[in-house]
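Consider the two complexes below, in which chain A is the common component and chain B and chain C are the respective partners.
For the complex of A and B:
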C-alpha cells in the first residue's frame, strides 16, 4: 500500500444518496409502476397448524378485475418449494399450513381493493391440528411434527450435508468440541452455570418486503425486489421455474432497511408465480403485520457452564443451545451453527463442548437478523461471565481482559487468526464510561464483549469502468439498505483512481448488469465487495499506468495517479488524454475486474472468516424500583473495525445497532398465546422511539488497519448490537443484585425480580 | 367527488373517492412518492405530510379532509435546487440511512420548528415520538433538527 495520504477514504463524507433521500426522489420497490401491472393480495392461514383439505378459488377467479387466483395445488407447472437451507417451504401451503399467517392462496387483480375483495371469495377447508408453539412443546416426547417428511437439500453447498432428525422436530444439529470439556469442568476451581432465554423479535424494517415481477415475451423473468441477496433469489427462481440463471434478472432499488429480514427469497417466489399465472406484471407488497408473518429472529434457550481456575483463567465452556427456527428452515440451520461456533466469545478456552439444535415450531419462520445467532449466545455467556467475576471476586473488566484472545492467536484450527485487539476496545469502553470511578448511587454499570465470524467462504466480484471523459462506473451487487455501502464503494473507487466522488457512479444491483456478490449481510460488504471494487479499480489504474508508460516513455513505477491524471515526474496525462491515445479516438473505455473468492478451507465451518467482528459495550443504567422500568442512561460502544472508510456512516451504523439492541433488551418480544401471535402490529409491538434512547450514546472505533478488507478495513455494523443486552443486564445486576436470565427486561420482570430479591447482606 | 387543494404550492382540482386516503392520492394520483407507507396505522410517521402546516399521518387522513387546504410533501420542501435548511442539516449530520423514515422526519421536524423555534434536545426527542426510525438510533436525526433550528436563528 502506498504511503500517500488518503483523500476520501477515512473521511466523514456525506452519503452519496443523501440528496435523493431528503428530497423524496429515492425510489423503493413500492414506488415503481409498470404498464399493466396487477396488484397481489395473499390469503393466510388463521391457524398455527392445520390440514388444508381443499382450497376453492373458482369464485375469486371469476370476479371481474381478477387476473389470477392461485392455491398450492395449482402449482403443478413449477417446483413450488424453495428455501436456502432446505427447500422445505411451499410458495402456497400444500396440504398443511404450518404457521399462522402462512400464505394459502393469492390473487392478482387490477387494483389492491379488487384483490382484497377476491380473497373473500376463496373457500378454504381447514382441519385444525395440534400446534407446537414453543421449544418445550416441540421437543416433548410424541410432539406433533411440524414436518412429516424430509425436504431436499437447498442450494448451499455447505449446508447440503444438513439433515433433520427424522421423527422429531429437530431440523438441524451442530456440534463443536475441543479438548475435554467435561473433565476440565470437573477439575475447575470455580464452575458457574445458568440458562438464558432470548425472545423472538421482528426486524421492523420500516419498508416491509415488496416485489414486482414481470415475465417478458421471451420467457425471461425480471424482478424488482427489496432483497439483500439478488443472487440467492435468482437461484431460487431458476430452480422453481427451471429457467437458466441468465434469464432471470433481479434488480434492487433502494431498500428501506433490511437487518437480515430481506436475506434469501421472501416474497419473490410468490410474486413471480402470480405474474406468470396472470400473464402480466404483478406487484406484491407486504404490510407490517405480514412482515411479522414472513420472518423473525430465531428465539433461543441456552444452558451454559464455564469453569475457571482460582486465578481467573477460563478453562472450559460447555453450552447447549436450542434455537426456535419456526415453521420453515429458511437460513435457520446456518444461524444456529454460526451463532454456536463463537459461543465462547472472544476468549481463550482450551476445553469446549458446544451443542446446538435448530427446532421447528408452528410459528413465523426464523431467519437472519443482525448478529445472526450470536446475540442469543453472547447474552448467555456474557451474563455468565459477570456471575463468574462475582464468584471469583474479580472486576468484570479485569476478568475479561485476562482471558481475551490476543491479536494473531488461533480461534479454532484452520480458521483465521484473531485480527484485532479486544483489550484496546475494552480499555476505551471502560475509560469512556468511567469504569474506575464510582457511579452515582442510583446508577449501575456493566460491560460485555462480542466476537463474530463473517460468512465464509463467500464470493464478491466487481467491475470498474473508466469512461472517455474520465468518469467512473462501479458495477457491484452490494445492496444499499441504509448502511451506506454505495457511498463506501464510491469512496474506494474514487480513492484508487484519484477522482472526485462526484465522478463515480455506483450502479444499483441488477443481476443482468452488476456481477456476482453472494449476499449483503454478515457485515461483509465493505471488506469483501469493497475489496473487489478496490482490486477492479487497481486493475484500471494499472492499465492507465501502462498506457502512460508507453506514451510518455517513462517506467510505470515512476508514475502515479493524481487528480484525474497519470503524473510522471515532469508531465501529466489526463484520463481522457490517456484513453484517446489508447483508442485513437474519443471513445472506448478501460474495464477493470476484481474477484474476491478465498475458497474453502479446513476451518470448522468450511471457510475461514475474512475478518472477525469484535466489539465491546458498556452501559450505565438506572431502575425505577416502584415500576421496575430500566433506563439506559449512558452507553458506549467500541468496535474494532480496522479502518473506518467513512466514520460518519460507521458511527450511524453503530448508533443504530445499539438502539436496535436496546429494543430486544428492554421492549421487544413477539408474544404468542393459544396458537396466535398477539402483537404483530406496530400498535402493540413496541420498537425503540426517540425518547427511549440513552441520554448519552457514544460509538468509538479502534483502527489499526489490520483487516483484510480495503485499506485495512474489517466489517462492522452488527458488533455494536450484540453486547447491548448483557451489558445492560450486568449493569442492572451490579446496581440491584438482581440477575435476569430472560429477555426482554420488561418492567414486570424486573419488578418481580426486585420483589423476590433476598435482602442483601 | 371533486376536491380543490394546494399541493406544494400548486393548486389542484382532483376527483377522489370519498374513502380515498390522502397518502394514496399523493402517491398514486399525483405521483408524489416521497411520503411512504409503513405501519398504515398512524404509529410510525413514515407517511407524514403537512396540511396547513400541521403534521398529519397521510395513511389515515381522508383526501376529502384536505379539501380547501394546503398540503406540503417532501417534494415541496426544497426551493428549486436549493435545499431547505432541515434537508441540508440531515445530509450533513448523517441523519439519513435507508431514507424510508426521512420524509416523515423532515416534515415532522418542520412542524415542530414552526411551533418552537428554540427546542431543547428533550423537546425534539419528545416531538419525534410518533416518528419511528429503525436505522439511525435517532441521535443524528436529533442533532440535525437542532442544527437546523440553530441556523434558522
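For the complex of A and C:
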C-alpha cells in the first residue's frame, strides 16, 4: 500500500445519504407499493402460555376483501418452522402459544382496515397453561416446559456446539475454563463476589419490523425487508419453501434503525407465507407494540467471583450466567455463548471458569441487541472491579490498568491476540473526565472498560465496477441502518481508486445483485465488508495499472492512481482513456472482486475474531437524594478503533451507543405481571430523550492503525454502550456508598437503596 | 389502527348535544383527539361516530365571565397552545399559562384541548390538579339545558366524570387568585405522563413583615396533589398547617404540610411506582412546591434543578 496521505478516509465527510434522509425522500420498506399488494394483520396470543386447541379462520376467509386467512395448522405446504439456532419457531403457533403476542393467525386483505376487521372473525379456542415468566420459575424443579420436544438445529455453523438439557427449559449451556479457578479463588488474598441482574429491554428502532413479499409466476420469491442480514433471511426462506437460494431475492432499502432487532428472520417468513396463500404481494408492517412482541434483549442473572492477590493482581474469575432467552431461541444461544466467552473482560486472568445457560421462558423471544450478551456480563464484572478496588484500597483506574491485557497478548489459545491499547483508552478517559481532580461535592465519578469479540468465522464479499466514464459502482451487502456504512464503503472505494465521493455509488443490498455478506451486526461492516470493498477496489486498481503499464511502456510499480487517472512520472492516462485502450471502444468495464473469509481456526468458538472491540467509559453523576433520581452530568467514551474511517459518523454512532446505554442503565425494563407485558408501548416504556443526554458528552477514539480492517480500522459502535451501566453505578457508589446490583437504576430503586444505607459508620 | 368512523361537525352546542343524544353509545365527543384517537387506535374505544366540537361557537374562546367580570372562562376546544399564548390568561392566571407550556409534548399541545383533557379525566394529567386551586367549575350542556359543576364534583375518578353521555363539556371557569398570591406547579416522573403533580398557592397579606412589598403573612394556602390518588385532591390538612404563618417560618411548616399531604393521598402500586414511594414523593414535592412558591413570594426564582421534574 502506498504511503501517500489519505484523501477521504479518516476525514469527517458528511454521510452520502444525508440529504435524502433529512428531506424525507429516503425510501423505507413501508414506502413501497406494488400493484395488487395486500395488507396483512396478525392475531396474537393473549396468553403467555396456552394450548391452541382450534383456530377457525373460515369466517375471516369469507369476508369480502380478504385474500388469505391462515392459522398454524394450515401450513402443511411448507416447513413452518424457522430460527437461526434452533428451528423452534413456527410462523404461526401450532398447537401451543408460548408467549403473549405470539402470532396465532394472520390475514391478508385489500387494506389494513379490512384485515384488522377480519381478525375479529377468527375464533381461537385456547386452554391457558401455567407459564414460566422468570429465570427462577423456568429453572425450578418440575417447572412447566416451554418446549416439550427438542427442536431441530438451525443453520448456524457452530450448531454442533448447541447443548440443550432435555426435560428442562435450558436450551443451551456453555462452558469455558482455563487453569484451576476454584483453587486459585481458594488461594486468593481478596475474593469479591455478587450477583447482578440485567433487565429485558427492547431496541425501539424508530422503524418497527416490516416486510413486503411477492412470489412471481415462475415460483421465485422477492422480499423487501427491514433486515440486518438479507442472506440469513434467504437461507430461512429457502428451507421453509424448499426453493433454491438463487430463486429467493431479498432486497433491503434504508433501515430506520436495527440495533440487532432485525438480525435473522423476523416477519419475513410470515409475509412470504401470506403472499403465497394470497397469490399476490403482501405487506406486513409491525407497530411499536408489535415490535415489543417480536424480539428483545436477553435478560440475565450473572453471579461472579473474582480473586485478587494483595498487590492487586487478578488471579481468577468464576462466572455463572443465566440468560432468559424467552419463548424461542432466536440467536439467544449464540448471545449467551459469545457473551460469556469474554466474561473476564479486557483483563489478564490465568484461572477462569465460565458457565452459562440459555433458558426458555414464556416471554417475548430474546435475541441480538447491540453488545450481544456482553453488557450483561460487563455490568457484573465491572461493578465487582470497583468493589475489589475498595477492598484492596486501590484506585479503580489503577487497578484496571494493572490488570489489562497488553497489545499483542493472547486472549485465548488460537484466538486473535489483543489488537489495541487499553491503557491508552483508559488514560484518555481518565484525563477527559478529570479523574485525578476531586469532583464537586455533589458529584461522583466512575469508570468501566469492555472487551468484545466480533462474529467469527464470517464472510464478506464485494464487487467494485469501474465504468467507461470513470465512475464506480460498489456492490456489497452491508445494510445501511443509520450507522453510516454506505458512506464508509463509498470513502474506501473513493480512496483506493482516487475518485471523488460523488463518483462512487453503493448499491442497496439485494441478494440477486450484491454479493454475500454474512450479517450487518457485531460491529463488523467496516472491518469485514469494508476490507472486501478495499480488496475489490485494489483489484480494479491493479487492472488499471496493468493496462497503463502495457500502454505506456512503464513498469507498474512506477505508476500510481491520482485524480481519476493512472499517473506515470511523465504521463497521465485517465480512467476513460485506459478503458478505451483496453476495450477498443467506449464500453466495457473493469470488475474487481474482494473476498474476506478467514475461515475456521482453533480458537475456542471455532473462529478467530477479526478484531477486538475495546472501549472505556467514564461517568460523572449526581443524585437527587430525596427522589433517588440519578442524572449523568458528564460522560466520556473512548473507543480503540484502529482508524476512524469517518470520525464524524463514528462520533455520532458512539454518542448513540452511550445514550442507548443510559436507557437500560436508568430507565428501561420490560415489566411483566400475571403473564402480561405491562409496558409494551412508548407511553409507559421510557427510552432516553434528548433531555436525558449528559450536558457534556464526549466520544474519543484511539487510532493506532492496528486493526485488520481497511487502513488499520477495527469495528466500532457497540463498545461505547457496554461500559455505561457499570460506569454510572460505580460513580453512584463512589458518591453515595450505595452499590446497586439490579438495572435499571430507577429513581425508586435508588431511593430504596439510599434509605436502606446503613447509618454512617 | 384507526377504524372507520363518521365525523359530524356541528356548529352549535344544541346540534352537538342532539347528535350525542341520538347516537348514544355509538358516539364520542371529539376535540383535539390526543386521548381519544390513541384509545381508538389501541381498540380500547370504538365509537362509530365522532362529534367534533371544535366548530361550535364559543368553544374556542377565552374570555372573562360576563357576570363576575373577573372569573376566566376557557372554552372546551381551546388548545393548550392557545392557553399558553393567551395574553388574558397570562394576565389573570399566569401559572395556568406556564403550566400550559409543559403539558405533554408540543405535538399534543398544538391540538390537545382543555376540555378534552378535563373530560377524559386521565388520572395522570396536569390541568385538573392545577384548576382545583383556582376554584374551577365546568359548564355542561345538554338537550335538558345547562348546568355548572365544581371541578371536584365533575371529576369522579380515573377516566370517570359526572358528564352524562348526551352532555357536552362547554367550558371551564377559573377564579384567578388575588394579585398577592405566590404559586408553583411541580410535576415529577420518568414516563410520558407525570407520576405526581403538585399545585401550591399561597395568598399573602401585605400588612406586616419583610416580604416582597411588605407582604409576609400567609392568609390562605391552597395545595392540590394529582396523579397519586384516584383523582386530584385538595389537601385541606396541609393547607391548614400553612394558614396564618409568616412566610419566613415556611420552611418548618412546609415539612409538616408535606407530611400532612402525604398522609392524605391514597396511592396504589403501579407502573409509576410503589405506593410507599409515591406517598413519600408527595411529601418531597409538596415541600418543594411550597419552597418554590415562598421564594417567588420574595421575588426570587429558585435555582434548584431536580431530575425528571418540571417546575412551572
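Everything below uses one rule, namely that the second predicted complex is superposed on the first by the 758 of 761 C-alpha atoms of A that agree within 3 Å, B and C clash if a C-alpha of one lies under 4 Å from a C-alpha of the other, contacts with A are read in each partner's own complex, and residues count from 1 in each chain.
Criterion: contacts are C-beta pairs under 8 Å (C-beta built on N, C-alpha and C of every residue); 3 or more make two chains touch, one makes a residue touch a chain.
All values reported here derive from a predicted model rather than from experimental measurement.
Visitor: In the overlay, answer first, second, both or neither for which of chain B and chain C A:31 touches.
Guide: first
Visitor: Just checking: does A:305 make contact with chain B only, chain C only, both, or neither of them? Give me first, second, both or neither.
Guide: neither
Visitor: If you stack the two complexes on chain A, which partner ends up touching A:21: first (chain B), second (chain C), both, or neither?
Guide: In the superposition, A:21 touches chain B alone.
Visitor: A:207 contacts which: chain B (first), chain C (second), both, neither?
Guide: In the superposition, A:207 touches chain B alone.
Visitor: Which chain, chain B or chain C, is in touch with more residues of chain A?
Guide: The partner making contact with more of chain A's residues is B.
Visitor: After lining up the shared chain so the two structures overlap, which partner does A:643 touch, if you call chain B first and chain C second: first, second, both or neither?
Guide: In the superposed model, A:643 contacts neither chain B nor chain C.
Visitor: State whether A:259 touches chain B only (first), chain C only (second), both chains, or neither.
Guide: It touches chain B, and chain C stays clear.
Visitor: Once the structures are superposed on A, label A:652 by its partner contacts, choosing first (chain B), second (chain C), both or neither.
Guide: In the superposed model, A:652 contacts chain B only, not chain C.
Visitor: Report for A:682: first if it touches chain B alone, second if chain C alone, otherwise both or neither.
Guide: So A:682 meets both chain B and chain C here.
Visitor: What is the shared patch of chain A, the residues that chain B and chain C both contact?
Guide: Common interface on chain A, chain B vs chain C: 287, 681-683.
Visitor: Could you list, by residue number, the parts of chain A that touch chain C in their complex?
Guide: Residues in contact with chain C: 112-113, 116-117, 287, 622, 624, 626-627, 629-631, 667, 671, 678-679, 681-684, 686, 746-748, 751-752.
Visitor: Under the definition above, what is the set of chain C residues touching chain A in their complex?
Guide: Touch list, chain C to chain A: 1, 3-4, 38, 42, 188, 190-193, 271, 273-274, 277, 280-281, 284, 306-309.
Visitor: Quick one: which bits of chain A touch chain B in the complex? Just the residue numbers, please.
Guide: Answer in residue numbers: 12, 14-15, 17-28, 30-31, 203-208, 254-259, 287-288, 481-484, 648-649, 651-653, 655-660, 681-683, 687-691, 693, 697.
Visitor: Would you pull the chain B residues touching chain A in the complex into a rising list?
Guide: Touch list, chain B to chain A: 27, 32-41, 43-44, 46, 73-75, 77-78, 83, 87, 90-92, 94, 96-103, 106, 124-126, 128-129, 131-142.
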